[in-house]
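Right, I'll just put the structure down here and ask away after.
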Amino acid sequence: MSLLLEDLVKIVDGELEGDPTLEIIGVGGVNDVENRELTFAQNPNYLDKALASPASAIIVTHECETVPNKALIKVDNPRLAFAKIAQNFTPELFKIDQIHPTAVVADDVELGDDISIGPNVTIESGSKIGDGARIAAGVYIGSQVSIGDNTLLHPNVVINAETKIGSEVIIQAGTVVGSDGYGYESTDTEHYKVPQLGDVIIEDKVELGANVTIDRAATGSTIIGEGTKVDNLVHIAHNVKLGRNCLVIAQVGIAGSAQLGDWVTLAGKAGVIGHLTVGDNVTVAAQSIVTKDVPSDSFYSGYPARDHKSEMRVKAARRKLPNLIKELNKLKREVKELENKIDSSPNE
Amino acid sequence: MSLLLEDLVKIVDGELEGDPTLEIIGVGGVNDVENRELTFAQNPNYLDKALASPASAIIVTHECETVPNKALIKVDNPRLAFAKIAQNFTPELFKIDQIHPTAVVADDVELGDDISIGPNVTIESGSKIGDGARIAAGVYIGSQVSIGDNTLLHPNVVINAETKIGSEVIIQAGTVVGSDGYGYESTDTEHYKVPQLGDVIIEDKVELGANVTIDRAATGSTIIGEGTKVDNLVHIAHNVKLGRNCLVIAQVGIAGSAQLGDWVTLAGKAGVIGHLTVGDNVTVAAQSIVTKDVPSDSFYSGYPARDHKSEMRVKAARRKLPNLIKELNKLKREVKELENKIDSSPNE
Amino acid sequence: MSLLLEDLVKIVDGELEGDPTLEIIGVGGVNDVENRELTFAQNPNYLDKALASPASAIIVTHECETVPNKALIKVDNPRLAFAKIAQNFTPELFKIDQIHPTAVVADDVELGDDISIGPNVTIESGSKIGDGARIAAGVYIGSQVSIGDNTLLHPNVVINAETKIGSEVIIQAGTVVGSDGYGYESTDTEHYKVPQLGDVIIEDKVELGANVTIDRAATGSTIIGEGTKVDNLVHIAHNVKLGRNCLVIAQVGIAGSAQLGDWVTLAGKAGVIGHLTVGDNVTVAAQSIVTKDVPSDSFYSGYPARDHKSEMRVKAARRKLPNLIKELNKLKREVKELENKIDSSPNE
């Protein structure tokens, strides 16, 4: 495929310096871009590499000067503009514009227009698939599930019964949504399973990575807010409420009934204990464990997690510990000597 | 469906206050229960909410007084009673009472009565499926596997060859049982794979969460004891022996040949180093790493994990470290001054 | 099956003491080996158990003396020799020597000789499967994927489009290769998805455990070097480069664009922050987080990870902290008393 430079400029509302009729056939990072393709330089520091590359066009910031051999598209945020243009060169994954004959789809499933349902997919009774949805091979969709428009499920995803998934959601391979929450009533003789009667709601524009697990609520709903992006191998327990536009990095675990606000970032391997409230605009550093409520606009780290700056001071001090012990022992000896000196002083 | 109150009371061996012929059509948590449904109040503190809800019946403790508008079921443990009654209103997942025509089942597989085998399931030669077992879509069962009565495998579970699974076991979606253990003999030039010749034994009433991995033994068996409940994304390595009625919370990892007793709780993200022995009734706090044997009836935390109270004291003291350094430096100066004072004292 | 002892000796280039025509019918660990089978004793300490077992033959080191009732195979490394011989008694998993009729294989897929493609496998257009490859049930292989000779994919593995997999690779069940990297360009209103245009290269003799996730590069390639062995539930982000013969233990996470050398060992639950460089022959202890570049031939631990010995000293000192605070407070009181004594001394 190819697109004219003048059309690409319109996509990103940019300013063109170069031939508007130039045909661009692809995009690439600065290290692997080719001739007739487009790349970007996020700031002037990266420009030299882009200029030395075989790229025919470069997305740059407005302050960038005209160069002889490359077309330039000037924008406020080159990386964002590149992402938007790149999407136009990316094939629509798993688009087959048919229901594959090996798919097992219950008679009463409500199917939208322009959908793709891959090989060996199972869709149970009472479910609804929105327009333009793409369901890749091996996906399981339980009964009474709703999938919004243009949502994409990668291969071997499992969506258990009654889950509600919004529009433009992406769920990557192997992820399980709507598994039973981990709920038992323990007696002296056994852990008795508490039926998990609730569901999961995945709002619009959410992305879930690969091999993620999101448990259904005990009663009510586990909720992943609009625009939130979840990385691989994340665990989200029953009745968690994740706000909008959160970033949940790989291998994070969020325990039951925790409530997180909007624009929360949980860095890799972080954990949140159950039944806590985390405010808006909170960042939790990698491998930190949140053990009590976190106010909005905080940066927390450590275990138990607390104010990051304070934790950094503790971490720095911690390294001085072996030396500290030596110094304290030395000081004890000095004080002992002083005591002796005073006690033996003639005027005592 | 609906059940008479008098029948529900029998299930939990409770005491009824109210109309025994009342028809109950469902159950719900106190926040989402509806009219003609049943909810519970674990203790008198929660009773007000239940009374204010539209529920027609409430499970309460024996000390609870009669109320005018609600039927009451009095029991010792309302949550446990609720769980037992709720199970009667929960549809049996993945029950299709047939072998789906797309399933690929080897000719010699021994099939029990009343089984459900979903779409695109594969069951290899020499395996045996117990009465009432439900095998959901996309499950793979290798050769020489045995699955006990009333066991439930969620979609896309993989059970590799020779695994033995007991009765009333639940394995949630995406979980892999019987993957090869991580065993290599390392030389100067390579890590040579050591064939993993053993198997996995999952005893009765075990539940495994979603996307769990349980490796087969190098030789002998990896064993998950009866009644043990494993949460999502847990890793259990080859030759681990987990006792009965353990709770293994999300993202825990147990390294090879570790042996754990009965009623052990490993909180989220905890780890156990290989070849260790952990006694009965042990609790390990979240994200703690067990690096040496743990005696029975212990509560351990930290890395290396040790007695929880002692670790809590260290954690509290740790926060005082930056201040401690300041105080030590101040004290050093004071001692220096004292020294100077003494040294300059006239009678020295 | 059975093999003559003289043939087994040739496989491991060993020295035989015993009847070369003895037929061996299997192998086993010292605790579960049976008559007419072979076991091993890695060093003389383990020999007693092997001698007391029903094994007919034992692999031992050269210094071992002749014994009356057992055949001995003497080698430099008994465990390695046992692994090599055991492989000859291990059935070739998932070998069906056919393309199962339920598999959905695109017309233009290039298929090698002697391949096995299991039930409900999907292989998309433009892909190539090498000689002797075994693709188990439920595997998804996207378009333009290449799979090398004798490579083995366990059930329900997902290999997304354009991935390149070498020869003699093993990928265990539920693992996802080529999921989109976690890349967003964040604005005030959303996290905009950055198309992930790169691929994944898995070199020869790599093994990936179960439910692992390996993301495709943003541009360029995510690379797993030859002979590297990855355990279960590991996350490898986009553009990571893992060198040759690395050991990556369960639940490790490696963030984007990190570059690791050869013979690196990351113990369980360790993490590597993005864009770092880790040298050759580096070991990182369990649950440690690497936050800056690590030179070759290092042993790092802690968070932030640093020299292991130094971290061990800090860990030991940390336990003394509560006592340290008491001692410091005691010393402060003593110094105060000294001050008082001096101040009240008559000659001041």
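Order of writing sets the chain letters: A, B and C. Residues in each chain are counted from 1.
FYI, contacts are C-beta pairs under 8 Å (C-beta built on N, C-alpha and C of every residue); 3 or more make two chains touch, one makes a residue touch a chain.
This structure is a prediction, so every number in the text was calculated from the model and none was measured.
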When chain B is superposed on chain C by its C-alpha atoms, the rotation angle in degrees, nearest 5: 120
Interface numbering overlap (same over half, different under half) for chain A and chain C: different
Whole-Å separation of chain centres (CA-atom averages), chain A against chain C: 26
Numbers and ranges of chain C residues touching at least 2 other chains: 102, 120, 138, 156, 174, 211, 233, 251, 269, 287, 318, 321, 324, 328, 331, 335, 338, 342, 345, 347
Residue ranges of chain B touching chain A (in the complex, touch as defined): 27-29, 31-32, 77, 79-80, 82-84, 86-87, 89-90, 93, 100, 102, 118-120, 136-138, 154-156, 170, 172-174, 205, 207, 209-211, 227, 229, 231-233, 245, 247, 249-251, 268-269, 286-287, 315, 318-319, 321-322, 324-325, 328, 331-332, 335, 338-339, 342, 345, 347-348
Touching residues (chain side chain A, partner chain B) in the complex: 102, 104, 120, 122, 138, 140, 156, 158, 160-161, 174-176, 179-180, 182, 184-185, 187, 190-195, 197-198, 211-213, 215, 218-220, 233, 235, 237, 251, 253, 255, 269, 271, 273, 287, 289, 303-304, 313-314, 316-318, 320-321, 324, 327-328, 331, 334-335, 338, 341-342, 345-347
